[in-house]
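Here the chain labels run A, B, C and D in written order, and each chain numbers its own residues starting at 1.
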Amino acid sequence: MQQLLEEITQQLALETERGKVADYIPQLAEVDPHQFGISLATVEGERFSAGAAATPFSIQSISKVFTLTMGLGKLGDGLWTNVGREPSGDPFNSIVQLEHENGKPRNPFINAGAIAVVDAIMMGHEPRETLAELLSFVRYITDDQSLYFDHQVAASEMAHKDRNASLAHFMKAFGRLRHDVDKVLGTYFHQCALAMSCDQLAHAGLFLASDGVNRPSNLRVVSPQRARRINSLMMMCGHYDASGEFAFRVGLPGKSGVGGGILAIAPGRGSLAVWSPGLDEYGNSLLGARALEMFVQRTGWSVFGH
Amino acid sequence: MQQLLEEITQQLALETERGKVADYIPQLAEVDPHQFGISLATVEGERFSAGAAATPFSIQSISKVFTLTMGLGKLGDGLWTNVGREPSGDPFNSIVQLEHENGKPRNPFINAGAIAVVDAIMMGHEPRETLAELLSFVRYITDDQSLYFDHQVAASEMAHKDRNASLAHFMKAFGRLRHDVDKVLGTYFHQCALAMSCDQLAHAGLFLASDGVNRPSNLRVVSPQRARRINSLMMMCGHYDASGEFAFRVGLPGKSGVGGGILAIAPGRGSLAVWSPGLDEYGNSLLGARALEMFVQRTGWSVFGH
Amino acid sequence: MQQLLEEITQQLALETERGKVADYIPQLAEVDPHQFGISLATVEGERFSAGAAATPFSIQSISKVFTLTMGLGKLGDGLWTNVGREPSGDPFNSIVQLEHENGKPRNPFINAGAIAVVDAIMMGHEPRETLAELLSFVRYITDDQSLYFDHQVAASEMAHKDRNASLAHFMKAFGRLRHDVDKVLGTYFHQCALAMSCDQLAHAGLFLASDGVNRPSNLRVVSPQRARRINSLMMMCGHYDASGEFAFRVGLPGKSGVGGGILAIAPGRGSLAVWSPGLDEYGNSLLGARALEMFVQRTGWSVFGH
Amino acid sequence: MQQLLEEITQQLALETERGKVADYIPQLAEVDPHQFGISLATVEGERFSAGAAATPFSIQSISKVFTLTMGLGKLGDGLWTNVGREPSGDPFNSIVQLEHENGKPRNPFINAGAIAVVDAIMMGHEPRETLAELLSFVRYITDDQSLYFDHQVAASEMAHKDRNASLAHFMKAFGRLRHDVDKVLGTYFHQCALAMSCDQLAHAGLFLASDGVNRPSNLRVVSPQRARRINSLMMMCGHYDASGEFAFRVGLPGKSGVGGGILAIAPGRGSLAVWSPGLDEYGNSLLGARALEMFVQRTGWSVFGH
């Protein structure tokens, strides 16, 4: 395994076509596109990593997996009143679908859906309380108290909030949000500004690979059924309008972020995190997806057959 | 296993809410909604079945799995020039997506995509030649020479062809089809009129559960990679606009048909076929999906974890 | 003429089907639906009115005619950089079209377009300065210094701003707005809260009927070409998704508001204002449109022939 | 008048940017783009023309005005059951709107709407009978028995029918068409293949300028109300997705065709026909629209004011 991760890292180091770093806020635009990290945490408790696997990056939309988990914990199936669970067929920030479906977002991983999940988990509390709770949860599943929100990133997102503000006000107009739009957005932007390394991220995802049980603590985070369901949502909707492509090429449930990270789950086997800041045209890490494709080809860990 | 299938069959026999039988052609409208069958073929060569598992029904869109397999065999990745591989976010017969994407259908399982696949596999031949080839292929993977097209169903579909004719002419206008529209539709309607029982269907799907190898012949039908990719397409797009729901509840790659059948693949384990003619609002078998959900809950065969 | 207006008023007084009063803010929901007023100001300087023609009501979207006039005065054809001039085929508050056309609203009379016009006329000033300028302009063309904004209505709109806030943030994300979204919305909601009577409104529109010249002052407000162009926009887009219907039945350029008012222009002849608070399914005054239809049938003032 | 038409003709002869000739069928692609004709028939019975005003060209969609007139004559308001009367906000051959509105086309001038009108006027008859009736009608209002269908153009359209066939089958699937799709299309393509000169076309439109009365025969073709309504539809929908632009610049009801012709009606004054084969990006005659704009600026015949 260790050798495989190193081979992948070496091979991708030679790659000149690395995609385009997200540039809508300066904090992301300034990231060096030549960085690459990969990390694997297995259900047996082994850890492997290569490249810049200890470097923290902005996990962005990968955080939606954690808020979804919290949302299901708090509301159970009640969460689905204001969020759907189908692929959208539209880009991550599309508003067209909302208008056609009474302001109900298609799934919890497009921006509108993630904003609706944040609103659902706030439950009348202030942003700082919700954020403290989220941080506490992610520190718990990562077993690492050093995790933090990058406030500069969050502030910069807030300064460029218009597209997400449009989504939030639209849902609010349909009664899909209970809280003040600016408070919901403030919480959402901090959530997306979580800084994590591949090592931390792989650890954080491990409960989804092991039927809901955290490792090495062996404490249950979610039920096996809920773990399966979160995985199914990652498979169907984790890469926006390129989710089919990721399933076709990689064959694992995964969630990408515009910071260049991808978390992928191999049920019963392990949790993988990759990071390469350059994105493809759909906003997913170009080399990150390729690394996972190479990994699965070599290991046969696809959920769709060896 | 046998006992499990029988329990599921007995439990669903009590169900009074059985969905609505497809009624757009008389041959489907007249089917008795109280029938139910389930069949499992394992990669180890075992067979289990319960209920009306030997009764042939119109497999309809499930046939798209077989033509997709043929299309990949003939054109390889060239098939993807005129067909995409993303979930559509639209109903099975939507034309909106075609207009927004230059007549290229989103995936091979919506009607437009399946029609494009048929056109691709015709390769200049007449409908009867293509249909003979298809029948030969399905008889081979089923190991059953008795399979047949129900010509009455095909004729009735042709008499109600307008929605599909609209899709086909639209793609033709964008140069996505090479052959005469009526010939393509004639082939397509026959393909959908394949009559198969659950037992036959489960057998036919077995190569997708066993990395591309037919059982019990042990002859390779497709490469392991291709088997995985077909499974991924079934997962992402096999239930039209309710594919996310099927993945969420069942967690297996599957393909439904308006005849009330569903083929589901448990990679490395087996191939399942269920049949119950009543459909839900998305055009998928209501009790068929429930039977699969019960089966997976009891066996832990979900690809997303036990 | 006087007799005609009175006949129309009497006939419509008997009407029991009066539409549905706008109810999204309490100030509009509480208006008595049995009120009706009609007023005509001719280019020769005559005035006729019947019913509650002196009662002020919330002109709402009719105000968009005045801000469009100001916008063209300030920016000339530069206004069309961020606003189109085609019918939209969508409801007044649709956001779908914005996403499909890079955040550029179809025309200045749908909400998004009117918000873009407000942003254009602010030119770096504060809301109160822009509103003072607007009030001054409308008082001038009405020759009535008593006109006022209903601040309660404006405050209530602001409290229910979400749908319009969504439109504004969406346009802002595409760089279509220069000013702070809340300031633009504050200005927009005050503009819509202008209170005018039919008598005042008919007077205000008179310059559009007389080639751009105000009456009785004979001072030019806009060039003849600009008057024609504003009239053409009222014809094509003045009734949202029911503009075709209004042209078909009435045959005059017109602009409706959810307060139940309609301003209609008979070029070379006069300016008509009607008011009846009940709306049809498209948000246009039900009896107001019928009154205009009756008027045109009797006078032959349609622009499409006698 | 004569001098004005000649000046316009001379000025446009110098124009080097002449648009792009329609090229989807060879018969249109081969037309010399340097031709230009203009003709005016006044309600007083005068005739003026300049340039190639006697040269027949393919009137294409302008014919929709004549079939609409026939359709209203046969079905009255019953015609509106299967055709709407609102601008579409979409290109002439869009199918998106049909899917969103149960197969009912937005107006009689987009292709789908015109096909629905043809179906409505067939009333159980064969194409040749309907076409004979249409030819008879157009010969009557033109007072010219030499008018003909260009069968080569019609045959070529039929050979490139796919986009329109898609629209027709779609409507048929929703029960909007009564007749066989190929028969409806055959009739439609012949209708569009009517060959007329500007002189003939201006004469044919005269009844719409004179309250429904043909000139010089003084026989009534339609009621004054119906003439107004047809004019309103030409204004709102006559130039597809650029109808707003035509109203803004020209200010007359008009109908364009991809052959490069435009018929424009000045109610109470006269009927204008222009022809220049080069099209703008929306499929409307580039210099034709400019000629009408020049004409209206000089004469003050806009319906929106002098």
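The criterion applied here is as follows: a contact is a pair of C-beta atoms (placed from the backbone, for glycine too) under 8 Å apart; a residue touches a chain by one contact, two chains touch by 3 or more.
The shown structure was predicted, so the numbers you read here are calculated from the model rather than taken from an experiment.
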Compare the two sides of the chain C and chain D interface and say whether they are made mostly of the same residue numbers, over half shared, or of different ones.
same
Need the most distant chain from chain D, centre defined as the mean of C-alpha atoms.
A
Approximately how many whole Å separate the CA-defined centres of chain B and chain D?
47
Just the number, please: Cα centre separation of chain A and chain B in whole Å.
32
State, to the nearest whole Å, the distance from the C-alpha centre of chain A to the C-alpha centre of chain D.
55
Multi-chain contacts only, two chains or more: what residues does chain C have there?
none
What kind of graph do the touching chains make: line, ring, star, complete, other?
ring
What residues of chain A sit close enough to touch chain B in their complex?
84-90, 97, 106-107, 208-209, 211-212, 224-225, 227-229, 231-233, 235-237, 241-245, 247-248, 251, 253, 267-268, 297, 302-306
Which positions of chain C touch chain A when the two form their complex?
94-96, 98-100, 161-163, 165-170, 172-173, 181
